[in-house]
Amino acid sequence: LILSACTDVDNSSAIKISVLKYGTVNWTLETIKTSKLDIKNGFELSVQPLASTQASKIALQANATDIIVSDWTWVARQRGNSSDYVFAPYSSSAGSLVVPPGSSINSIRGLVGKKIGIAGGPLDKNWLLLRALALKEGVDLDKQVEKVFGAPPLLNNLILQGELDALINFWHYSARLKAKGYTQLLSTHDSIHKLGIKATIPILGYVFREAWANNHPIELNNFLTASREAAELLCTSDTHWNAILPLTRTNDAITQELLRHSYCEGRITQFTDGEKTAIQKIYSILASTGGAKLVGNVKQFDMQLFWNNPR
Amino acid sequence: MPRSSFLNSTLSLGLLLLIWQVTAVLVASAVLPTPFEVLSNLNSSVQSGELQHHLGITLYRLTISFCLAMFLGIAIGLILGRQQKTNAFFDSWLIILLNVPALVTIILCYIWFGLIETAAIFAVVINKLPNVIVTIREGARNLDEELIQMAKAYRFGRLKTLAHVIMPQLYPYIMASARTGLALIWKIVLVVEMLGRSDGMGYQIHLFFQLFDITSILAYTVSFIVVIQLIEMAILKPLDKKSQRWK
Amino acid sequence: MPRSSFLNSTLSLGLLLLIWQVTAVLVASAVLPTPFEVLSNLNSSVQSGELQHHLGITLYRLTISFCLAMFLGIAIGLILGRQQKTNAFFDSWLIILLNVPALVTIILCYIWFGLIETAAIFAVVINKLPNVIVTIREGARNLDEELIQMAKAYRFGRLKTLAHVIMPQLYPYIMASARTGLALIWKIVLVVEMLGRSDGMGYQIHLFFQLFDITSILAYTVSFIVVIQLIEMAILKPLDKKSQRWK
Amino acid sequence: MNKLSIEINNKSFPEISGKAAFTTIKNLHFDVDNNEFVCIVGPSGCGKTTLLNIIAGLDEQYAGSIKADGTDNGIKTSYVFQTPRLLPWRTVLENIQLANENEDTPVTKIEELLHNLGLEKNLNSYPHHLSLGMQRRVALARAFCVQSDILLMDEPFVSLDQPTARKARTLLLELWQAKQRSVLFVTHDLNEAIEMADKILFLSESPSSVIDEIRVNAPRAERTPDMVATFKGQLKNTRQHLAHLI
Amino acid sequence: MNKLSIEINNKSFPEISGKAAFTTIKNLHFDVDNNEFVCIVGPSGCGKTTLLNIIAGLDEQYAGSIKADGTDNGIKTSYVFQTPRLLPWRTVLENIQLANENEDTPVTKIEELLHNLGLEKNLNSYPHHLSLGMQRRVALARAFCVQSDILLMDEPFVSLDQPTARKARTLLLELWQAKQRSVLFVTHDLNEAIEMADKILFLSESPSSVIDEIRVNAPRAERTPDMVATFKGQLKNTRQHLAHLI
């Protein structure tokens, strides 16, 4: 009986996903739930809200969930540690470098000698790409600016207090600053383009175990479809957008609008080999700037990490 | 004439609120809300029932892990404090256990047991336990040998010696680790809940932190402190009084 | 015949390593590396000089805040333990201070002072201080009145009474809070460095955590534990021995 | 219990920082007959307390043996220590009851005993609220209540005023006669020893051993102060080597 | 210092859980003349220790006044407590030196004193490694070293063997004669009191007050055991109300 109960669970069409409670992914997931997109697509979504991105990574490691949201650098490195994680693109929303209104900084050179806040630490993609770009201009940002690493919300608040000259932060934090009149000097995609890679690549994606995916290919694909549909709804239907407004946790209409705009802009419209090779190139740039710390023992980017239906 | 204890604590809390209010007004920043803002936030969290839910769950975890950690800690601390050889052997284990970052133990617990309640509670116990052991061990090392001899001469037996001779002497150490322990467990529960639970104060507070909603964080903190004050007044203070009546 | 203490600790650590190794092999997961992997990681971190840099900075912060917290904590704890009225007044402040989440104090410190060294150290002190106070207060409440009367009758004066009559009695409490204190400060320094410093063990460990690199985390942990073991062997144990020689 | 034979070949305290190893007792042998009342007299610091501790089984670091009836099974002792050693967090009554739990001495008996010792008003006092003499009387009551094979008493009647001490002595003798057991009674007061003892042991300076053993054969009713003084006088004249102890 | 006048109208211990408020001393008045040696005798628990504590300034919760030379400025006391009260973490020598720091008594003097009390081998011992009688002697030495206006002694010579106690008594008298000061000496031993005192105060049961004051006028050299016995006999006959204390 117990055995049958177990197999029951395994064969069911339930998908467990662990995400940040107030993360943007949860907007999508909420919409899937409220619009019953999961049932319509033949699976059942169960969302486990968590309080930090680290928590979701632990959940995946602990086999306590099927899907989490993360970026491909992390997946690449974990595959190096013989974890069979796979990545399915979800969003291309990326962080950016913002400066206070009226700031004298208007180029990368202008950053020299200034105090820059960097969310996500020294291995943050945005920061590494910015460094790579600056190196091309002959500036070694790592040595020539005063770096302040810290927690994203804390840094946001510090720049508001005027303690920082510029800030690299995740996109939804930047959006809140932009709503207050802060200028975006450079987004991650700008950096990528300036580095000579002409593709808009996904940044975040759904991450899951390959073994699990191979056992549940239909549910997974249905889920990915539902996710796209939900994003579509949020961007086209105000009713649906208004329904998830509480999750944005802001009452400021401008911020809300900015958030929606960035969210919609970040939808993945296509993911072809072009984007994949672009990611591969970017990875090698990151690897050369971030060094062994970032990539661990994964010297070669593993193209197998992208979800590509059952293999 | 001693001022009544009620008046005393009202005065003391009043002064604290005043300092807070004045600082908040002077700073005038979203980062330090006034007491009033915090209280009204608290009120609305209570109205929505959200706070009770998360507070209840955290208290549940706190109670279980506190009891476990204190019980085991007193037992182990007593053994290590009384038996030099055992202590010499396990001393370095204790130091390691004390100094493994909470992060490491929490992650390992979650990964081994899964993201379940047991893992969370176990992680808290593991983090609190060595502190209790170390404190009680100091106490056990400083027991009054004369009274223990007396107990031996009059054949008190193990249990009676423990209850009537050793425990009353350990009392201040137990109180110290109970008081600091509640606070420590509370701090660890916050991390434990942040890293792998979908409810509890730690989960909520961390969410608020991501939104930089200090007012809500403080409201939740206040509610917890009220609970601790109640525990202090209803359990610890009377215990203190009872245990000091012979002085 | 007591086994030599060196043999003893070798045996004890050996056993621990063995348990670790066996578990790691059984679990066979990236989350629990074998001791060997951790040591070779440790070795390469030392080679690159990175570990020394971060360890040094963290130890610097730890030392300053430890000394500050212990000094203030002993002074305040003694006052509160001896003067019932002062204690009655500040008791609730203490409970509040004990139970404000580390997150809150750390954020407030950073916001007020900026992301600077002082803020970090201040935040650590604020978090450790109430624990020291509570422990010492228990000790101060349980001083031997007979000896204090003796000191009074022979006009020892404040300083001499403190040094020769009170401190030796507080000794076990001071040791308990020093031992648990090093561990607690270390835990808090990790959070403090994680939230707003660009160097130190906490910063590094958090970085590793983002990459889920448990091996490096453990390597750093091991290096810290080695330092604590050295402190224990070079300072605390000899102190213990000296303070116990009259028994 | 019948005979108790005590043979301590060597008792020394190990070397400690600042003090060399110290031999307290060396070749100390004596027997205690069934129900005998033995007083021990010796200079301060010679090892009397150490001896009682060994007999009570509190100190096992010695060379020698304590044999009751020829075997060295545990002897049931009750012990009046040199200091009161009451549990400060227990009342007078509780302190006595705790030591008595195995025997279930009825409360009325304890109360009667405390009454005889002049403590009737302090049944529920905590030791810290009593004077030292009162605490000592509680410790006496505790030892008197417990059934034991042998009663060890380390200067039990110091710090008591004369009338109370007299009463306590009478009480002890009554108790001893009612429920026979051996008594080992350490005292510095030779008068007291002559008044109470069947046999008086004189110890030397440490490393201590028995230097003399004196029997007192007069029935206890006849041991008036005058008789005691005479006995002491005789002792002084006949036993020169004891002069310094008298 | 000249005259010390002690007037304690009331000393009571407040009510504590389980015990009602308790009046220990009531209307206790007496004077201590300059350099007078006063012995205090009273039943156990009557309040002698409490009285000494009040005089030493350790207890300020009483109604009344302690006046030295008519003013109530602090009196410099040295105090032999009823228990040794040595700092366990300091050696014998350190314990004495700590109490003496203000006066800078030379070490040789302390050593001589300890030698006289038979402690020459234990200068660097810790109190826990001494017998109780030895600890009491250290406490005596401590009090003897300190220069003070008045010496308070609470049953200082119990737990000492007769020869040591005799030596200590002689030492105390010598010291007192060499450096005159007042002495308040609590004892249960009337012989000792008669041997030492200028004046003996008899206290009643608590609430205690002075029930009698006896002067002993014979020069100390003439106070042989016989003389003491005779004096005691006279006392018994002439002062019926003291009979129970003798």
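Every chain is named by a letter (A, B, C, D and E) in the order it is written, and numbering of its residues begins at 1.
Note that a contact is a pair of C-beta atoms (placed from the backbone, for glycine too) under 8 Å apart; a residue touches a chain by one contact, two chains touch by 3 or more.
Since the model is a prediction, treat every value here as computed from it, not as a measurement.
Under the contact definition, chain A and chain B share the contacting chains C.
Touch-path distance (fewest steps) from chain A to chain C is 1. If you average the CA atoms of chain C and of chain E, the two centres end up 49 Å from each other.
Mean C-alpha position of chain B lies 17 Å from that of chain C.
Chain contacts: chain C has residues 31, 107, 111, 209, 245 touching two or more partner chains.
In chain A, the residues that reach two or more other chains under the touch definition are 54, 61, 151, 154, 157, 161.
Among all residues of chain E, those that touch two or more other chains are 16, 18, 83, 126. Residue ranges of chain C in contact with chain A, taken from their complex: 30-31, 107, 110-111, 114-115, 194-198, 203, 206-207, 209-213. Taken in their complex, chain D has these residues touching chain E: 13, 16, 18-19, 41-45, 47-49, 82-83, 91, 118, 124-126, 129-134, 137, 155, 158-165, 188-190, 244-246.
The part of chain A that touches chain C in the complex is made up of residues 54, 57, 61, 74, 77-78, 81-83, 120-123, 147-151, 154, 157-158, 161, 163, 293-294, 296. Every residue of chain A that touches chain B in the complex is listed here, in rising order: 20-22, 48-52, 54-55, 58-59, 61-65, 151-154, 156-157, 161, 249.
Note for the complex: chain B touches chain D at residues 146-147, 149-150, 152-156, 160, 164-165, 168, 243, 245-247.
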